[in-house]
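First chain A sits with chain B, and in the next complex the same chain sits with chain C.
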Partner chain A sequence: MGNNESHVKIRVNNLTKRFGDLTVLDKICFEIKTGELVAIVGPTGCGKTTFLNTLSKLMPATDGDILIDGEEASPRKHNISYVFQEPTCLPWRTVRENVAYGMEVKGIPKKERMERTDRIMELVGLSSCANLYPNQVSASMMQRIAVSRAFAVEPDLLLMDEPYGQLDVKLRYYLEDELISLWQKLKSTVLFVTHNIEEAVYVAERILVLSNKPTCVKAEITVDLERPRSFLDPQFMEIRHQVTELIRWW
Partner chain B sequence: MAYEEIVVKKPLPLIALPCLSVAAFLLFWEWIVVSGTVPSVLLAPPSQVFTVFMDKLGNPNPDGAILAVHAWTSLQEAFIGYSLSLLVGIPLGLAMGWFRIVEGLIRPIFELIRPIPPIAWIPLTVFWFGIGLTGKVFIIWIAGIVPCVINSYVGVRMTQPTLIQMARTYGATDWQIFHQLCIPSALPMVFGALQIALAYCWTNLVGAELLASDTGLGYLITMGGRLGRPDIVVLGMVCVGISGAILGFIIDCVERRLLAGIRR
Partner chain C sequence: MGGSSIANETVGVSSGREGITFYQIITNTYLLYTVSLISFFLVWDRVAAWQVFGDSLARPHIVALKLYDLTQIKFAGTNLGGHIWASTQRVLIGFSLASFFAVPLGLFMALNRYANAIVKPIFDLFKPMPPIAWVSISILWFGVGEFSKIFIISIGTFVPCLLNSYNGIRLIEPELYDVIKVLGGSRKDEVVQVSFPASFPAIFAGLQISLSVAWTCLLAAELMNARDGMGFLIKRGMDTHQPSLVLGGMILIALMAWLSSLLISLMERKLCPWKRSIDNL
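After this line comes the complex of A and B, so read on.
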């Protein structure tokens, strides 16, 4: 029990969120182990963004607990990173300064900040545009800046809200691979929200399927496939089909 | 993927056209007076204004001071009043945008004072400060502070909400968000305020001098009128115009330097 317990990084108990009479999140319970990459899929409008906003403490939960390492989660105490759907670069900072921003807020000493920034930018191929401003790089670059900034603080929990939803398919495949390699190298704990089932099966170790409102965890599917994964692998297609059946509303 | 800095040359028409338009304007002006379309008692041609300008550089007559003294008085008043309005207005506006308490306390008073034209303060300032420097600085300060407060306030309010959320998830404090996010994102609006406030200060300066003073460019214009000398009136107006344009240009240059990332 003790050994098993130490592996659990995030524990969410009965997380509930109500807006007046409308119950959006209804007693959500799940656990994420240290260094796990979990994807969350659900039908449109099931409250995925509300879910992330409550998890990240941007929004107070009506009821329930979010525990990180057994302690009540708090942005001041824990390292929580959040990659938003839309690009969130600070236009007055260069690419490099943007990547370092999260660490700056966290008060990480300058020397370490520089080293980590360099390392991450090397990993994601941002080094060549380190001194440009965000409006001089492409939209996909901006999203990579946000992802790098999020990984750079070595988060206890990294939340991603459809980070690649607005990019074209080819670029998305490329960035998904990049995300996986970052995650494997930095061993962060990632919660990846998407409406794209294929993307979820491709990146995640485990998929949580959400129900319609009031939202709860409807099913949990472990994706135990070798990496790099192939979209044409029969097992891959089987899991994708299984998830699709779970969230179909038509 | 390598990114390189690219230098774009300004196309020739952008340089040539302003020169052309100014030259055409001056020629047209000269022509309507010389040809008699507008009698020279009513408007002085540019050539005559230039002659008076050369004369006034060293001659204190007929209004009592040489041009440099008038210009210096006006610049001094404008500079002090303008600086004070920036110094008070910008921090006040920024704070009103982010801190609810400041907004609640200051906003009602500000909204009441804002619609009063600065010129309306002139009688009171003459009672309080006489016709010296202080009174005019006060009028200019009142004129300049309004756009500073409004623009800084709106600038902070327009900070992209996702940027604030992003900073919050990293655990940023209210103060960190204010000075790391809100102030930089308000800067383009604040620089807009510098331009607008300058225009307000400069116009109200002339207004203040028209009514109560003994030197200054506004005074030069009034005296020209009283003496029936349209050339002196126009000279005063041209000086106000040119010096205002130069100040505006300087602010524009500073802005371009500071806001490289936002404006490019």
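After this line comes the complex of A and C, so read on.
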């Protein structure tokens, strides 16, 4: 982990994905520093999900490298966590068991697993429904379970695919703050994909703007704003406007 | 539950005296249940008493008396309990035997495409055949003893058991596997942590269907040839023209089928607690 802010955690070189003749990802290059929260925004249908699936190694890349700490990324060797768009709780496990589940797959000893589970559930306010089953909690709770599960493994890289896209505005604000506080406390490296520009500017330290297909990184914007950020801050609005101009397709 | 709802009803009636009291009474669900059942038995009784079907329909209380008599005397070597047990035993053995093999085979087919490629064509060949079509051939093969009855029941229950456990795995959302893949989990993790638990409800649905098929097959087998069992009672009732015995047998078999399906439901609740909703936690 380390506190060295300039240390590069993730390096992606020329990441390319083709389905037959269709090039979806075209030589994507970028770096993420240790403990950085980077947002990725792009026009609808630019292949954001393909991008994440390739990064997470769920899908083989056609070309290019993904390096974590200088080594070729591998789910077996590295801790990669993924929060999907849809809630992906295991219905037959209680909330608590769902949060602990990622650590179970990773083979973390039981004692530590329990401690971390308790800590994270406390942080996100899931303690009160620890013994309920997912079908007994609300949709936002389920997404919080998935987020907690992802953070709990202390991932080298945490990928989030529009995790709050399905939720209403009020809950989203709340969960974005929760995400930021989790990230600050646990110092994870996070890559957050969204189509919501405001959300990106609100949570991220840096924003990568993707182009239309074939997708590449079109621009990179550093968001150097104090936290907690305000939507009405002129600087905030300026950055939001800048990103909007970059991806406008209308 | 009944007590509390009656109490609530009382409060409701006394508070809204001049309102829709009569309407509330005649639309009370339990009242309607009772009315429905009483009407049914009344119609049955009248139809029997007026001899609409000649002397071939027994009145309800005659059927009840007949069943009671059978518990007291030996009929064809055993009393009522013996007949019920003879049938239940056949269903249990046939059903257990079939589900013991069909459920794992279905799971295996869904998880392994080679196994699927080998078993599926044969299975598809036999699938549309009504299980009762096996009755005659099984008597030719195995005679009229216990084995041929169990054989028919097994054949009948095998199909829905296998089909449901197969589909139970096939219909799992792929995202659940992705969660494990991303975390670096093995194929074993996927099967043990996702495939098996996710297929449980479908397996139980299959067991329920199988069980009802099992009772149908049992009846078919016992009607063809048996020396005891509830199907035998029905058959004997028909041969000796005792409508009370036929109806009694029908009621018993329905009762047993209902009880056994209740048992499966209880097992499911025990094994899949996560299917319970918050209401009846």
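FYI, the second predicted complex is superposed on the first by the 244 of 250 C-alpha atoms of A that agree within 3 Å, B and C clash if a C-alpha of one lies under 4 Å from a C-alpha of the other, contacts with A are read in each partner's own complex, and residues count from 1 in each chain.
To be clear about the criterion, a residue touches a chain if its C-beta (ideal position, glycine included) is under 8 Å from a C-beta of that chain, and two chains touch if they have at least 3 such contacts.
Bear in mind that the values here come from a model prediction, so they are computed numbers and not experimental data.
If you put the two complexes together on chain A, you find that chain B and chain C bump into each other. In the overlay built on the shared chain, the residue A:S56 is in contact with chain B and with chain C. Of the two partner chains placed around the shared chain by superposition, neither chain B nor chain C is touched by A:E245. Look at A:C129: by the touch rule set out above, it reaches chain B but stays clear of chain C.
Applying the stated contact rule after C-alpha superposition, one finds that A:K106 touches each of chain B and chain C. In the three-chain superposition model, chain A touches both chain B and chain C at residues 56-58, 74-77, 80-82, 84, 86, 88, 90-94, 101-102, 105-106, 132-136, 153, 159.
Listed in rising order, the residues of chain A touching chain C in the complex are 56-58, 74-82, 84, 86, 88, 90-94, 101-102, 105-106, 132-136, 153, 159. Interface of chain B with chain A (complex): residues 1-3, 160, 162-163, 165-172, 176, 180-181, 184-185, 187, 259-262, 264. If you check the complex, the residues on chain C that touch chain A are 173, 175-176, 178-185, 189, 193-194, 197-198, 200, 272-278, 281. The residues of chain A lying in touch with chain B in their complex are 56-58, 74-77, 80-82, 84, 86, 88, 90-94, 101-102, 105-106, 125, 128-129, 132-137, 146, 153, 159.
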